[in-house]
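For reference, chains read A, B, C and D in written order, and residue numbers begin at 1 within each chain.
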Amino acid sequence: MLNVSGLHLWRGDRHVLRNVSFTVDAGQCLLLTGRNGAGKTTLLRAVAGLLDPEQGEVSWRGTAARKSRGEFHAELAYLGHDAPLKGDLTGRENLRYSIGIRRAVAANEIHAALERTGAQPFADRPVRTLSAGQRRRVALAGVLLTGAVLWLLDEPTTNLDSDGKRLVASLIEQQLAAGGIVVAAVHQDLDLGSGSVVNLELAAA
Amino acid sequence: MKAGPLQAARLVMVRDLRLAFRKPSQLLQPLMFFMIVATLFPLTLTPELSRLRDAAPGVLWVGALLSSLLALEFLFREDAQDGTLEQFALSGQSLTWMLFAKTCVHWLLTGLPLALSAPVAAVGLGVPAEAMWSVVAALALGGFALSLIGAISAGLTLGARRGGVLLSLLTLPLAVPILVFGADATQRAITGGEIAPPMYLLGAIAVLGVTLAPLAAAAAVRIGLE
Amino acid sequence: MNEFFAMSGYGQYVWPAFGIGFGIVVLIYVMAVSSLAAAKQEAKRRLEMNP
Amino acid sequence: MATWTWFHRFGSPPWVYGFAARWAPWFGGAAVLSMLIALYGGLILAPPDYQQKDAFRIVYIHAPVATMSMAVYSTMAVAAAVGLIWRMKVAHAAAAACAPIGAWFTVATLATGMLWGKPMWGAYWVWDPRLTSELVLLFLYFGYMGLRAGIEDPQKADKASAVLAIVGAVNIPIIKYSVNWWNSLHQPATRLIGEADMDWSMVWPLLLMLAAFFLYFGWVMLIRLRAELLRRERNASWVREVVA
């Protein structure tokens, strides 16, 4: 369903992505590995459409993602290095707005998602008072709430304790079991018990 | 169920207003800045009201422009830094509508309060009481156009170092027509003339701005997020 | 000849105008050429650094 | 089909680099030659104006640079739009090449306008609508170059400055209109030359000088375009061949 072919991308003087191609289908997980600076984040951002590749194409369900950006993004959830949250709002408010702009969302849905990621106890505190790990749990609840088919996760386990790492693994497993797709950049192993996992190692530029 | 573009825009507005009211001190800064600028003119020019009256349109409009610029820097920058702007761009919704919503909030929080409190400054500049409604109307309409133009430059400077000065450098030449027509409307109001012609032109610029500026701002923001 | 340079009394405006105007014309050219030379130099330097 | 090949060629940096290298000298030669003839025609052959006497001769430098200051901005905006829409690197390079040239033409316009204004109006600076518009145009160029310099990533700088160039191009007619409006409120319109009653012997050097400046712009722009292409394509193999 997600097909990336012949991606080339330069950042200033560095040829970061050199001819990257892969295909991921429903129920599959692609783990991007490689050293720091190998272009994992760049690749994720290019797939999401935040970066404009010099050459190559990202296509979703057979059509170029660039041409039907709205439809593609409606089915996509992207979680970058830092949790995209406003410090002056509570976790719950953050989700109400960030999900609300995508779809109508009920308060109990938000509650359920926060429960699942273990963010419920601190969901009503301003985000700026939360630890990095707590923010990540709120942000993961946001990813669940999008209901997106395709998840793009950049180092989803950073700042999380071992408990949190297991949580990420189980969330990914559930997403795959439901026929979703996950593309994740990782530098330590994710223990995915089930589901079909493909590894893609990016060479350092 | 996917939310419509207007629903998304409404939520962005509610969010930005709520965020602004969590920091009330920051909210008042542009207004206070405007008042200080208006106070400096009598101190540096002359205390005579009859002479200040001639300078009043210039003082009001330059003050309005500068305080609008002051708040403009934060229009997209904070959202870009904490990653929420990126999520807007990836929401599958029209970024154009959402940025238009943010621009409207910028006007509601700077341009509109400034226009409403302008009579206080205008009295001190010798503007006659019967001109006040026109002064407020011109500043409100012109302020809206300024916010729209400013949104483009705020988007363009997202990816730049030292965005602050650059933001002014980009905005000021583009704002010339708004200043010309706005100051003319104010001038006519003070001298008891017909303010309709410059107000129509100001309105035309605002309409043009509503149709084109959010599009340009969305293009600029997408480039800035790269 | 003097009459020509006097420009019916406007020489002090006419000649500086032409001087500045064509001075800038020359300046634009010189800057373009030096910018091209600098770009070539830079490209050569890079070529030597990583052949 | 033929237009498509042309479009394709102009999208290819090495081809454009070679094209610019071949054609620049021709533009340069034609520009210098026509400038000299026009100067001779304007300074010596043309009779003095019956009102402005010999001061009117400033038109032969002022009018061409003023025309170019606007024409270069339009070229820049069109190139920027082409670069943005068709993602054409060469077009972005062309837009970047235009900006400093246009800014200097604008400076020349202001300087020659002031020198003309002194004998005609009695002051070096009068808030004449045309000079005021030129001043705003200079600020637009400054903004464009400032934005380019402020963004480190060259591709990002290309795209962002392209948006600004287009916004500026939409705004320029509005600025001109507003400045004319503003001026008509405060003073009657002033004219630098009596356009209506110019003799042919005065007109042809002006037209020739205009043509000369367009050629000159083509010349310097092609040189700058080559520099821009070398900088942008510094990792491409054709650059290695060119400089080796």
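Here is the rule we go by: a residue touches a chain if its C-beta (ideal position, glycine included) is under 8 Å from a C-beta of that chain, and two chains touch if they have at least 3 such contacts.
In this text the structure is predicted, and so the values were computed from the model without any measurement.
Note: the chain lying farthest from chain C is A, by mean C-alpha position. Relative to the centroid of all protein Cα atoms, the closest per-chain Cα centroid is that of B. As a whole-number value, the distance joining the C-alpha centres of chain A and chain B reads 36 Å. Centroids of chain B and chain D (each the mean of its C-alpha atoms) stand 32 Å apart.
Inter-chain spacing, taken between the CA centroids of chain B and chain C, is 42 Å. A straight line joining the Cα centres of chain C and chain D is 15 Å long. Residue numbers of chain B whose C-beta contacts span two or more other chains: 226.
Each of residues 52 in chain A touches at least two other chains. The list of touching chain pairs reads A-B, A-D, B-D, C-D.
The touching residues of chain A, when paired with chain D in their complex, are 10-13, 15, 52. Here chain B touches chain A in the complex through residues 1-3, 7-8, 11-12, 14-15, 18-19, 22-23, 82-84, 86-94, 98, 225-226, going by the rule given at the top. Residues 87, 152-155, 234-235 of chain D are the ones that touch chain A when the two sit in their complex.
Across the interface of their complex, chain D is touched by residues 152-153, 156-157, 159-163, 166, 169-170, 172-174, 176-177, 180-181, 184, 201, 205, 208, 212, 216, 219-220, 223-224, 226 of chain B. Chain C contributes residues 4, 7-11, 13-14, 16-18, 20-22, 24-25, 27-29, 31-33, 35-36, 38-40, 42-44, 46-47 to its touches with chain D in the complex.
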